[in-house]
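We call the chains A, B, C and D, going by the order they appear; numbering starts again at 1 in every chain.
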Amino acid sequence: MPAAASDQQTQLLHEYIASCSNWGRWGTDDEVGALNLVGPAEVMRAAGLVKKGTPISLTLPYDQAGPQPGGFRNNPQLLLTATGTDHVGGAQDPLPGGFGPSRGFGFSDDVLVMPTQSGTQWDSLSHIFWEGRMFNGRPADQVNSRGAAANGIENYTGRIVMPGVLIDMPAHRGVDALEPGDAIEAAEIAEFLADHDLTVQPGDALLVRTGFMAARRGNWGDYAGGAAPGLSLHLAPWLHSHDIAAVATDTWGVEVRPNQIDYFQPLHIVSLVHGGIAFGEMFDLDALAADCAQDGVYTFMFVASPLPITGASGAPVSALAIK
Amino acid sequence: MPAAASDQQTQLLHEYIASCSNWGRWGTDDEVGALNLVGPAEVMRAAGLVKKGTPISLTLPYDQAGPQPGGFRNNPQLLLTATGTDHVGGAQDPLPGGFGPSRGFGFSDDVLVMPTQSGTQWDSLSHIFWEGRMFNGRPADQVNSRGAAANGIENYTGRIVMPGVLIDMPAHRGVDALEPGDAIEAAEIAEFLADHDLTVQPGDALLVRTGFMAARRGNWGDYAGGAAPGLSLHLAPWLHSHDIAAVATDTWGVEVRPNQIDYFQPLHIVSLVHGGIAFGEMFDLDALAADCAQDGVYTFMFVASPLPITGASGAPVSALAIK
Amino acid sequence: MPAAASDQQTQLLHEYIASCSNWGRWGTDDEVGALNLVGPAEVMRAAGLVKKGTPISLTLPYDQAGPQPGGFRNNPQLLLTATGTDHVGGAQDPLPGGFGPSRGFGFSDDVLVMPTQSGTQWDSLSHIFWEGRMFNGRPADQVNSRGAAANGIENYTGRIVMPGVLIDMPAHRGVDALEPGDAIEAAEIAEFLADHDLTVQPGDALLVRTGFMAARRGNWGDYAGGAAPGLSLHLAPWLHSHDIAAVATDTWGVEVRPNQIDYFQPLHIVSLVHGGIAFGEMFDLDALAADCAQDGVYTFMFVASPLPITGASGAPVSALAIK
Amino acid sequence: MPAAASDQQTQLLHEYIASCSNWGRWGTDDEVGALNLVGPAEVMRAAGLVKKGTPISLTLPYDQAGPQPGGFRNNPQLLLTATGTDHVGGAQDPLPGGFGPSRGFGFSDDVLVMPTQSGTQWDSLSHIFWEGRMFNGRPADQVNSRGAAANGIENYTGRIVMPGVLIDMPAHRGVDALEPGDAIEAAEIAEFLADHDLTVQPGDALLVRTGFMAARRGNWGDYAGGAAPGLSLHLAPWLHSHDIAAVATDTWGVEVRPNQIDYFQPLHIVSLVHGGIAFGEMFDLDALAADCAQDGVYTFMFVASPLPITGASGAPVSALAIK
């Protein structure tokens, strides 16, 4: 980045913040932001989108073959504390824990060590700060070494059940995958929706496929943390005016990288910190896209309630599109 | 336990195994067991149970206040790698990872360390062994220190979307909670269903509330691992004949403890290892029970797809009853 | 604690800080504090104390039987990633990692998860802050979520090789163990030294046994974190005037608990934060005490270099008294 | 590797095993192997080698800049549970844990997650198996998911205090570093010893520098796990006949890689599994080598007692050469 952002960029960022902010919209105590747009009607509408009884998983496996390069964020590691080889070898007779003779019984057990943001996950509203504040104006120092006292990911649990729409950008553009640096603008999303006779409604989830996960799968390189296609900063007003409750992409950071202005992750600043929109990252949208291409139906019941990890900056999720 | 199980008990166990086994029923390659009973029709039926648009979370918070006594299984621990206090104190400017000057941007991040079976979770079909075998006859030594090569929890991901029925036993008995050692028999479940004009169908999930979580919440004692109310071993034939695909309780181990015969967790041996029924443990059914008592509706869309932790013995899950 | 500390207590604390501070004594860049008192002469003197060729370990086992109650600090957990049962069961043939056919070779491997302060350990000079500063006046915010940029425990590595003296307080008092709340004052240490014809010299390590570990071993209760015998706050001037480089006790926090004034761990504030004296906690001094009682020799070569865990607040250590 | 090892190689391996085995030499209960060669006389001899009072650390920092490529073994990760930024930002007032008002007091704390073999470490005698056995003939299945019931690294704690000799191979050969695949034979070690008027005695530790750590430091590549210089398999009889108690190198696996015969790590099979010699890996010998080159003294007191991690396959160590 240059030594300073230009005045013009700074002004634009502040205009977007001002026009897209939802601070206070759902009360000063609110910790879920745009998910307030999802109520019983939206859940009913979502259930009505189940047409053929097919759940499709949108979650990458959590394992050592994941996209992380290691270091700040490692891939999920599973550590076994009891195994079938122990059982077969007689090491579980008697059973541990004072449970007595095994009499043929055996078990496996394990411990998971994973950065909450290492794979398919939701950002919490405590994940990103802007000038000392997080969503709804709460002070950033409410997130200390013991976790987030407010806006933690547990607030999302039980809530992400809503109508979902898939925007398949590479299909729209007639390419296999968007390239790093390719920004997705509002006009293009509007085109896609029109082409498929779709409209979005308040409380919908927008799942935007870039094809970048498909391009890098199994040979991740700098997939997680490097340059990437993604949503344009300039999409922020469209997301706000359409009252989109959640967006998710098949990239590490939702928005295009490198960033379009000399601020780091400006769409996060505008739409997550101020708009309170749920951001989902590294969602695997390939199987869903294949199914949508096959049956021509790009809407579905989206169920993606994250694990209630108290005070966490984000959480892994077993996300489903149910068609 | 006594030095040996009696011949009578051993014979009974083997009879139940023989009569309730689903090994081979869905082919020799099958790794999901009774979840095969859930197909598009069951998913459609589940979606049809969404009547008022209300998702209810069935998952305990994953944190240090959880039910584990520590030792073999600790409670989930969240370890922060970036905080709001760091941001406020200037420790994130420049941003780590070579992302340049912060210009007002900040973030939190964290690592989760948790035994997969420390809170609300599904057992995988690789979790329990019987005489060297796991579900579908696979050798137990396919589960070694690198995880389960077969029957791991990832096989359940994308699948647990089905009609659910709540059996609220303490309400049925007119008590606050069942006591440790109280076994729930088939007759009592049949009564509850009849009382509420309910029937179960193949592919349903049975959620059985004992009230034991409510009784111990926040003052767990030996809740996780000690004596507990739960399903009777003698319920196995009923589960099998009704083609129940999944059972979940608000206790640590689904079945009653102490066990009714001199084998450890015999219902696991019969219905999980041989029947391939999905076992869910430490599900928080209290809010759901209150809602069902209020509206008199004990059926719902049950969505509880576990995290796809490759090769794991089980996985945490953000489980929902959607009414 | 009362709503405020008394003026008298506050004045005393500030007097001790003023009189015992070593800030700046070894330069503004110094990160090792009183360990500067240990130079080649002290190392030679230490080596000269090896009289019979007997190393005695002063470190508690790092395992689940450790003294921690869990929660903020769990006991060390070892998680195996390869086992002998895997080897025997054939799960290591071929060898993982692409190492080819095993041809009889096998191995075990494991991951350690432990709070650095969960067992026998040294506090680093970045472990304790006082009014926004740590030793040598460095700002506390140099310790953020990425670790300590200064004063981390790695500065101690390679340095804790010095003459050691054991002060066996319960032997001196003719009791099995001091009781929680019992404070050890300078006069009593002077008596013990005189009784055994000992003097201390600049750069020495003082190992003070209270017997509290022996009293609680295996039935720890609130040993780690609760009330405990220990060094008196009023010992601070004596430690300073004698240029003691390191103190270690068989308790969790070196100093007596409850604290003698209405400040938390005031001896840490005075002697660690300001004096820069190395504090060692949960050292197992029982075998050493038995040996000293047997041969009447209370001095030894003390070798207790901690693991160089970059930026850590403390580190486990395999501490030795070599007699 | 080829489909099978040649008969000649197999015969050689078995001859070395037969001639170098110490199984039973120190009794059937022995769990420390060649460290039995170190008694009071050797400790006294070691202390006598302290000539100038200079401890030199031989341990790599344990941090994310370590040599591991990630995956099976990650680099050590330190996770902070309390920070100075928290203290400065007011997040520690009141103090956590019910310790009351902070009154100026603050602290940092942290959790270490590290594979025991990720940096400078000793292999335990439970780390390597050969045809179902580990050192002293113990069955390999004594090492299960709960750790090693015998031969664990805790047996080494308190024991590795002995005379040490540095063999500086690149200096001997006049190169900066040996190359991957370069094997160090007995003749060359004998030359080095003769050139420096050194002899080795029973119970000595042999520290062999290859220069490979210096060549790779900070740009590790496949340093940990790839091809490397190291000790020759054919050195086994020399190590045995000289009663060397411990060997350590600046490489990941002590012995030369690729291996010289079609068995994986055959020197481990012969000298660790059968000889019971302590193997130290990734010791940083560069500062020591520089010091030895400067003063011409290649012997020292070697103090390298590992952490007593109960049942572990190895352990990190703060190793010292004290000259």
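Things to note:
Criterion: a residue touches a chain if its C-beta (ideal position, glycine included) is under 8 Å from a C-beta of that chain, and two chains touch if they have at least 3 such contacts.
Note that the structure is predicted; figures quoted are calculated from it, not measured.
Over half of the residue-numbered contact pairs of B-C are shared by just one pair in B-D, A-D or C-D, which is A-D. Pairs A-B and A-C differ in how many C-beta pairs touch across them, and the larger number is found at A-B.
Centroid to centroid, with C-alpha atoms defining each point, subunit A and subunit C lie 44 Å apart. Taking each chain's centre as the average of its CA atoms, subunit A and subunit B sit 25 Å apart.
Among all residues of subunit C, those that touch two or more other chains are 77, 80-86, 88-89, 91, 96, 111, 113, 141, 144-146.
Residues of subunit B that touch subunit C in their complex: 64, 70-71, 74-75, 77, 80-83, 86, 89-91, 96, 113, 141, 144-146.
The touching residues of subunit C, when paired with subunit A in their complex, are 77, 79-81, 83-86, 88-89, 91, 111, 113, 145. Touching subunit D in their complex are the following residues of subunit C: 1, 5, 39-44, 47, 50, 52-57, 59-63, 65, 72-73, 76, 78, 80-85, 87-88, 95-97, 99-117, 126-132, 134, 139-148, 154, 157-159, 161, 225, 262-265, 268-269, 301, 303, 305-314, 316-318, 320, 322.
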